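There are two complexes below, and they share chain A, which is joined by chain B in the first and by chain C in the second.
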Partner chain A sequence: MSLLIETIRHTFGPKTVLQDISLQVASGEVVCLLGPSGCGKTTLLRLIAGLEELQHGRILIDDQVIAEPRRQMLPERRGTGFLFQDFALFPHLTVLENTMFGLAQRSSKAERRAKALDALEQVDMQDYAAVYPHELSGGQQQRVALARALAPSPRIMLLDEPFSNLDTRLRAQIRDQTLHVLKSTGVATVMVTHDPEEAMFMGDRIILMHQGHIVQTGSPAELYAHPVNAFVTTFFSDVNAISGTVEAGAVQTKFGTIKAHGLPDGSAVDILFRPDAVSVRNGHCALSSHRGEAAPNGYRTASESVSNIAEGRDERPLENLIEADVLTTRLLPGATLVHLRIPVNGQSDTPDLHLHARVPCVSPMPEGTKVQVHVPLDQIYVFPKS
Partner chain B sequence: MRLWFSLVVGIAVLVAAPILVIVAHLFVPASEHWQHLAGTVLPRYVANSLLLMLGVGAGTLVIGVSTAWLVSMTNFPGRRLFEWSLIVPLAIPSYVIAFTYTGLLEFGGPVQTFLRDFFGWRSAADYWFPQIRSLPGAIVMMTLVFYPYVYMLSRAAFLEQSVCVLDASRTLGRGAWSTFFGVALPLARPAVAGGLALALMETLADFGTVDFFSVDTFVTGIYRTWKGMWLPAVAAQLGAVLMLFILALILLERWSRRGRVSHTTGYYRQLPRFQLRGITAGLASLACAIPVFFGFLLPVTAMAVWTWQSRQLIDSRYVEMALSSLMLATISAVIAVGTAVILAYGRRLVPGRITAVAVQTAALGYAVPGAVIALGIMIPFAFLDNAIDDFARSVFGFSTGLLLTGTWAALIFAYVVRFLAVSSNTIEASLQKVTPSMDGAARTLGLTAGQTLRRVHGPIMRASLLTAGVLVFVDVMKELPATLMMRPFGLNTLAIRSFELASDGLLKESASPSLAIVLAGLIPVILASLMIARSRPGQSS
Partner chain C sequence: MNSRATSPTFVRFLVAHYRDFLLYGLLLGAVAWFIASGEQGTGYHWKWYRMPRYLIQFTEDGWVLGPLLQGLIVTFKISGLSLILAMIFGLTTAIFRLSDSFTARLVAKGYVEFIRNTPLLTQIFFIYYVIGPVFGLDAFGSAVLALSLFEGAYASEIFRAGIVSIHKGQWEAAYSLGLSRQDTYRRVIIPQALRRILPPLAGVGVTLIKDSSLASTIAIYELTQRGNIVSSDTFMVFEVWFTVAAIYLAITFPLSLLVAEMGKRMRTAD
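After this line comes the complex of A and B, so read on.
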């Protein structure tokens, strides 16, 4: 149960929506196609299902070619399960009839019924078998749609923005349940989403797409901690951005000297770092959520961060501490956002630096509080000026 | 997919063929007959057709827009009743209302008889009375039954307007009347134009009224040139010139669709109605009552009375006639609905320019008069019949006669060409209820395209399939010119019967078949009234 896609290209009229897309999904793996709307990810999903005609390239399931130009298996013969953004439940059929819809007609009605009920039980919807879709809440509809897609035991599961029609609170819960159901069936899954948090939550691997290209592929941690360009960096979070210039193969910043790999001297660069890379010290108290430099994946565990605050000190001496003023603090779920101003000495024509720091929950600091700021160098990214 | 593509394109070609046959006659060199026609009667046809359109256009605009505004934006006694009853005159074919008013207003009719008795006049020389069988008479008749097109579309536009826009106008210091002319009417203008285009298409297509009133228009000209003089090519050339007028109306209608404003705000609430009181309220009630009374109540009452008086005419022949009408209408409705389903679904399966154009082409018939479509079918069919007959005679030594011309199949083909758009519009709207992802779901769950149509689309669209069928059914019941021109030998329908009796001066006797047509015609009108009542977004029933 694996999926292989080779050099797919696709155009709609004059517009190229997919360019040389190749990827692979192993059995039991959940791969997220992530990207802004209009990047071609849904088209790719529809090509795999056969709902769109392939123009160039090849698609294989279990080493069997299911689509190449002029030789395409019809969607009904591909054995893919598709979960649609709007769920696409048939309004004239009950939950059970919807779930039985895709089960082969040759098996007996009792068998199909039993199989459909099994699938419904997996998503905890067996009590609603006789109900019509319009009587269900959004979350319940999503679960029925999932059961319906899984009931025929598809070889590949395709999910198109499956949570975007749910409200925020429900989304987290349904997402969790969906992940467990998918993992327990072990089906190879491709999920399309525009929400990076959702992709990081669901995906074993993330394929980040932009304007029909694959920009970066890897584990959620790789994409988050080692983005290959400014687009990837900014796609996962809001960032602090400052400008700089390459001198002698490196960029001088207030936070230290960063190597500018391969960028020519004199070229203008963007210097980016995430708000959660910034740690803030207020006198004796260190507020930091930043990732320890030593950790191999670029992260420190949550407990380490928490312990830093609990003990009220950071055990390691930090270099390159910078003085900053607190502009304001905002308490957010799970973190506090601190707006900081770093005065630029003596140069009145350049405006002061404005930084965001995302630190573990603290009580608000009044405006004007003097703090010290630190950013680990390996979490500062340098890219050519866009 | 290739199958669906071929089906869609094939249907479009078949349906467009009769229209193309006529249009092609624009390029046929003018014959001697045509020269003669162009020099004598053609100017009259053009003048009469234009005057008719002008009169009916003005009449339907005034009645349609004013009543629509009154019932959707103001409140007065009887408003709810008028809301739906203003549509009801649509159930009456124009020729039926023409027969009825002639029966009422002619010299021997009840009105003049009453006036003579009352004033003691003896003969027609003693007094002046307007001649109903005239161009102005035809304008009044058609206005009375075609204004609901303008009414329905204007009302829908008034109902759809977001109250925010109107509120904004009021807060910017505009009064109620100024808001109507400055905001509401401009926003509704495309819809009004669309309704007007439909009313004018019906006006141009009308045969029964103008023929009965002896007002020479294009359609009567085509009919006479073909039937009386047997000059099919000249008739087709007349049809081709008429198509230029129709093209203008199609363009107007298309423009109106494009121009329909999409409101930027989705905020709707109960429209604030201006409460009318006293004399204004009375005038509003009167303004709405007049079209309903003269367009429906009076003629239907007259027909009912006459049907009762001539009830001995309702015999087995009458039943046979009704059955023929029912059968023709049912078969045509089923075929039109089936064809419309294939077009709509095929277009969804094979999206693209070609199928889009094909579907639009297949819907052209709604604008083309029945007489023109009949001609466009009979000319090639007669040619084929002759060719087959010649071939059979020369090769096998016997005559095949007429295989295509004058058959039920040819007549039903004409109906489908004419009314396909009616079913298509309904079905395309209903197909929107089946989201494309439902198609995708069914396909990925293992159903073929055909199975999906049967198991998903069919059940979801059931009610609309029925509605579409009923709409075509009624249009076929009313259809007159194509039926007259193409009817198989011995076939009699309610519409033909009504027309023949009236043409023979037996107006009271023609009331019973007319009444049957009107009663059948009420079904879709009631459906439309229900739909229009529910059409306002954000307002439950």
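After this line comes the complex of A and C, so read on.
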């Protein structure tokens, strides 16, 4: 149950929507196609399902060619399950009849019924077998749609923005359940989403797309911590951006000297770092949210290192710690967003820096509080100015 | 109906709209006066007492249907058969028009345009005098064919609208669940479309009953033709045509009410 896509290209009239797309999905793997709307991710999903005609390239399921130009297997023969954004349940059939729908070719009616009930049980909807879809809530409809798509035991599951029609609280619950159901069936899954958090939640791997190209492929951690360009960096979170210039193969910033790999001297660059890379020290309470460190220890390690630096007993260079003023703080779920102003020391012609820091606790600070700010150099990304 | 339960609201309605009712009564009175004066002017003598025997009669053989009711049965036969055929023509044409095949689309489009842009009477004559002899169709067969082709063209537009109104996702969902195009039509699209188009489709049935009167022109003894014969036999022109009109009304009006009621239910069900 694996999927292989080779060099797909697709155009709608003069507009190229997919360009040289190749990817692979292994059995039991959940891969998320992530990107802004109009990046071609849904087209790619529809090509796999056979709802769109392939123009260039090849699609293989289990080493069997299911689509190449002018030789397309009909969508109903491909053995793909498709979960639609609007669920597309059949309104004139009950939940059970909906679920039995894809089992038409199979053996006896009793067997089909048993299989459909199994699938409904998997999504915890067996009590609603005799109900019509319009009587169900959005979340229940989504679960029935999932059961319906899974009942025929598809070789590949395709999910098209399956949670975007659900309200926020329900979404978290339903996608958790969906993930576990998919993982328990072990089906290779491709899911389309525009929401990076959803992709990180659901995906073993993320394929980030932009304007018909694959920009970066990798685990959620790889994409988040090692973005290949500014687009990837900004797609996953709000970022702090400052400008700089490459001098002697490196960029000088207030936070330290960062190597500018392969960028020519004199070129203008964007220096990006995420708000949660910024740690803030206020008197005796140090706050940080360094990634890449184990959760309970991470907090302590980071704060200790910051306070050590502050006391000047550390070997680390002092320029990594910067004085800043708190402009305001905002409490967010699970974190506090601190707006910071870093005053410029007169000689520079740049205006004061405005930074955001996302620190992991409830830590309101009054305006004008003097704090010290630290950003680890490995979490600062330098890209050519766009 | 539960008239007792609704009577208070009806009385309130009557009181609130007394001026409308007054005006309506005046209008009816004017029409009655117009007919009465016309009758006096032409020296017409009403002979309603002679009408019942043309509807139903008691003889030594028991109850025997008069010519008008016999005609009504023929009208029902023509309309019923034509309705079934019209639905088949209509659905087939609609599916042809939505097919991927250029030929099928062209054939369907040509049929619909030809039928809708020529008079029904001409079509009936054409089929009776030209097609009929070639294929050995009698008058009844010709009438049924002409009417069903005619109404089928209109029904096809209704079917098409119904099919197109079904969301594209339903097609895709059916395909992704392993259904062929044919099965998708049969099990997903048509059942849903049928619900939506039942009211306009029933409207086609009403039209069909009325249009069947044109079959009288090719010597079919249906209601209108019977009326024609009775009125020229007896010279009771007013009584006969009033009666014939009333019979048509008695059939089509409840049907129209049913259609309206169905339409209302469909809207609330959606």
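Here is the rule we use: the second predicted complex is superposed on the first by the 351 of 386 C-alpha atoms of A that agree within 3 Å, B and C clash if a C-alpha of one lies under 4 Å from a C-alpha of the other, contacts with A are read in each partner's own complex, and residues count from 1 in each chain.
The definition used in the following text is that contacts are C-beta pairs under 8 Å (C-beta built on N, C-alpha and C of every residue); 3 or more make two chains touch, one makes a residue touch a chain.
It should be emphasised that the depicted structure is a prediction, and the values quoted were computed from it without experimental measurement.
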Joint occupancy of chain A by chain B and chain C, clash or fit: clash
Contacts of A:D63 with chain B and chain C, given as first, second, both or neither: neither
Which of chain B and chain C A:G50 touches, first, second, both or neither: both
Which superposed partner A:P75 touches (first chain B, second chain C, both, neither): both
Offending stretch of chain B which, after superposing on A, collides with chain C (from 7-15, 61-69 or 133-141): 7-15
Residues of chain A at both interfaces, chain B in one complex, chain C in the other: 49-51, 74-77, 80-82, 84, 86, 88-92, 101-102, 104, 148-149, 152, 158
In the complex, chain A residues that touch chain B: 46, 49-51, 74-78, 80-82, 84-92, 101-102, 104, 145, 148-149, 152, 154, 158
Contacting residues of chain B [partner chain A, same complex]: 433, 435, 437-438, 440-448, 455-456, 459-460
Residues of chain C touching chain A in the complex: 167, 169-170, 172-180, 183, 187-188, 191-192, 195
Chain C partner contacts - residues on chain A that touch it in the complex: 49-51, 74-77, 79-82, 84, 86, 88-92, 101-102, 104-105, 148-149, 152, 158
